[in-house]
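The structure is given below, and queries will be raised subsequently.
Order of writing sets the chain letters: A, B and C. Residues in each chain are counted from 1.
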Amino acid sequence: MRTRTATGGIAAIAAITLAAVAACSSSASSSSSSSASASASSSNPLSSGGSSTSVVVGSANFPENELLATVYAQALQAKGVKVSTKLNIGAREVYYPQVEKGTISIIPEYNGTLLTVEVDKTSTAKTTAEVDAALAAKLPSTLQVLNSAPAQDSDSITVTQATANKYHLKSIADLKPYAANMALGAPPEFKTRSDGIAGLKATYGLTFKSFVPLDESGPLTLAALQSGKVQAADVFTTTPQIVTDKLVSLADPKFNFAAQNVIPLVYKPAMNATIINTLNAVDAKLTTEALLQMDNAVITEHASYSTVAAGFLQAEGLS
Amino acid sequence: MIWSWIPQNWSLIWQLTWENAKLGVLSALYGLIISLPLGIIAARWRWVYPPTLAVVNVVYAVPSLALWIALIPAFGLTDTTVIIGLTAFSLCVILPNVVEGLRAVPAPVRQAATAMGYGATRRLVMVELPLAAPVIIGGLRVGVVASISLASLGQLIGVSSLGYLFIDGLQRSFPTEIYVGLVCVIVLAVICDLLLVGVRRVLTPWQPRRQVALAQWPGLQRVALRRGAA
Amino acid sequence: MSFFSYAWDWVTTSANWQGSDSIPQQIIAHLGYTVLPLLIAALIGIPLGVAIGHTGRGAVLVVNLANAWRAIPTLGLLILLAVYLGFSILTWLIPLVVLAIPPIIINAYEGVAGVDPDVKDAAKGMGMTPWQQVTRVELPIALPLLLVGLRTATIFVVATATIAAYIGLGGLGRFIIDGLASNDYGPVAGGALLVVLLAVLVLALFAVLNRLVVPVGLRKQAELGRTE
């Protein structure tokens, strides 16, 4: 009878659906437990990263950081460590609490901004050695930094060649007479960071006409700079377009931006000797030149993060 | 368009598609599970419907991102937040269809069922719901398709989905990645839509195909009725 | 603290109402991003939908569009144009217009096609030209559904304009995106609350419009359960 067939069909579909929902729900809730919350809520720090052989490598929301995270992850995997990755989490202000709680075990950081933005806003440490020492002293108990790499990727106030020629700009200090007529572009968090708008004012006495929130030294920032939407912008020093577009990064003689070496920020309880030695070995080989080359491959030539990371590790004998 | 990027990153694409699918499909299913009892009640007790509809209209108007943000203090930047928000949205699309579908069951049919000795529950399950199925599934289709597309926005609050391909594609000025993301979302949505069409055909084998194409959309159903196609 | 307390604190901070990125300015920007695409979409969508409804040709297109338009990811479209066009007005105008057209066409079609065939016959019988049939008979009867289509499109554009902040635009989304970047929940919640209020305002506006423009008899029909 037709009704029996229809009922049978309904029952079958309902059963399959319920099974699928149950399967998906359980995997959905386990993946939501590995991503943490913005506010200090109840995610269990022991729920991941507790085992000594399995770690979570995270990254911030810009390509170079994803690249570095991929490098770390692959290096660890080559040494037999179980790794899962959580890429493109967000800005530091978002992922830092996650590392503190251990939901993320390892994240590539930059020692200078890490120090002045999260750890010790009043710090006056400027050189690599000073910053590393200050970090070791002031980090919360669950966190640790490993060896810093020679590679540096700093914020820099950058202008186009034309602007530099027009106002004879060589260093940030040269901007003082002109800043009041200039729009400054930078990532949104630059507005509130201590070495951001406030830092430029305190260190160089600069007050810009306006602040335009853009992205992490990405295409929006570069387009804004080229099109004249902003006259100066925060461009990270390993951004390939500095070379290809002939941009001028102004010198920072008063060290508004501290040294910004690449450095792994780790959750101490998740560490062991293998992990630490592997990451230190990677950092030892990471020069600014190498980083710039990798950035160029990933950003300009659109190579995959995993291919470029693998190439670097192989060339340096780390995989 | 760098075609070689696709096979090179196949596992990433697949993983993101799977996560996006989970978010979208689960939300629509939860929306259906909530809409069915609510809709049955609203169809039976008429006075329930206007206030319910008013609430539904307001929730439907709230952009998903805003809804997720309101949920963050309670649920964090997690899959749960995204799913709850999308479930609420799916509810807004499916519930009116449940009510209208049930109400569209012709009175003579209901009376015939009663005359045959069906009680209210049996009549609901064996007569009214199957007849309302095309319209309900029509709403479910819209819910699934919209949820899959909206789930990609979850990447803005750090919830992994195909939106990652858009964001990374923007950061590297890499159109290939963006196209792949667009195609994956659309294809995923179309596949789910077609699956539901298949489900409808299985559940309502008595419906002629052409008329059903119009009938699964309540408004168009009215059009079809007037044209004497019902 | 709850969403509302964060949002309320931020919205009632007077500093946020002054300066170059103030709340009033972003509200105006947001309205700009909403109204212009809607006008263009209406100018394109209403005539098209009415034509398809009146002649019946191209109805297949409308039926397929009814499901397909929801599948397009708004963020992807915005980003695609941002990558190709950079900071141009077309970067946001094209996606928003493209996304606003489908609900307008679909509901215009539905409204016109759904007019009682007897009424259409009567109009023809009275000697009305096709133009008169459409403008004097079909359009007025289709008005409730037309308004529903416009309402759906407006809500959709308001929501998408919120996301447009991600590609560097202003509007209420700016507070959300910047707040997310700085992990400052205040502007995030405040921006979200303002967007919700704007959406509710749109609903209220259309309710008033409905009351003003649509005759009583047709209003009853339209109130029967339409979110789309």
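Brief remarks follow.
Criterion: contacts are C-beta pairs under 8 Å (C-beta built on N, C-alpha and C of every residue); 3 or more make two chains touch, one makes a residue touch a chain.
Source: prediction; values computed, not measured.
If you sketch which chains touch which, every chain touches every other chain without exception.
With centres computed as the average of Cα coordinates, no chain lies farther from chain C than A. Rounded to whole angstrom units, the spacing between the C-alpha centres of chain B and chain C is 20.
Between chain A and chain C, the centres computed from C-alpha atoms are 37 Å apart.
Residue positions 82-83, 167, 177, 180, 185 of chain C each touch two or more of the other chains. Counting only residues that touch two or more partner chains, chain B has 72-73, 155, 167, 170, 173-174. Among the residues of chain A, those in touch with two or more other chains are 38-39, 90, 94, 215, 219-220.
Interface of chain A with chain B (complex): residues 2-3, 5-7, 9-10, 13, 17, 21, 24-25, 27-29, 31-33, 35-39, 41, 43, 61-63, 66, 87-90, 94, 215-216, 218-220, 298-299, 302, 304, 306-307. Residue ranges on chain C touching chain A, taken from their complex, read 20, 82-83, 86-87, 167-168, 174, 177-178, 180-185.
Residues of chain B that touch chain C in their complex: 49-50, 53, 56-58, 60-66, 69-73, 92-93, 96, 99-100, 141-142, 145-146, 148-149, 152-153, 155-157, 162-163, 165-167, 169-170, 173-175, 178-179, 181-182, 185-186, 189-190, 193, 213-214, 217-220, 222-223, 226-227.
Contact residues of chain A toward chain C in the complex are 38-39, 90-91, 93-94, 97, 187-189, 191-192, 210, 212-215, 219-220, 223-224, 227, 229. Within the complex formed with chain B, the residues of chain C that make contact are 1-3, 6, 63, 66-68, 70-77, 79-80, 82-84, 107, 110, 113-114, 116-117, 145, 155, 158-159, 162-163, 166-167, 173, 176-177, 180, 185, 188-189, 191-193, 195-196, 199-200, 202-203, 223-228.
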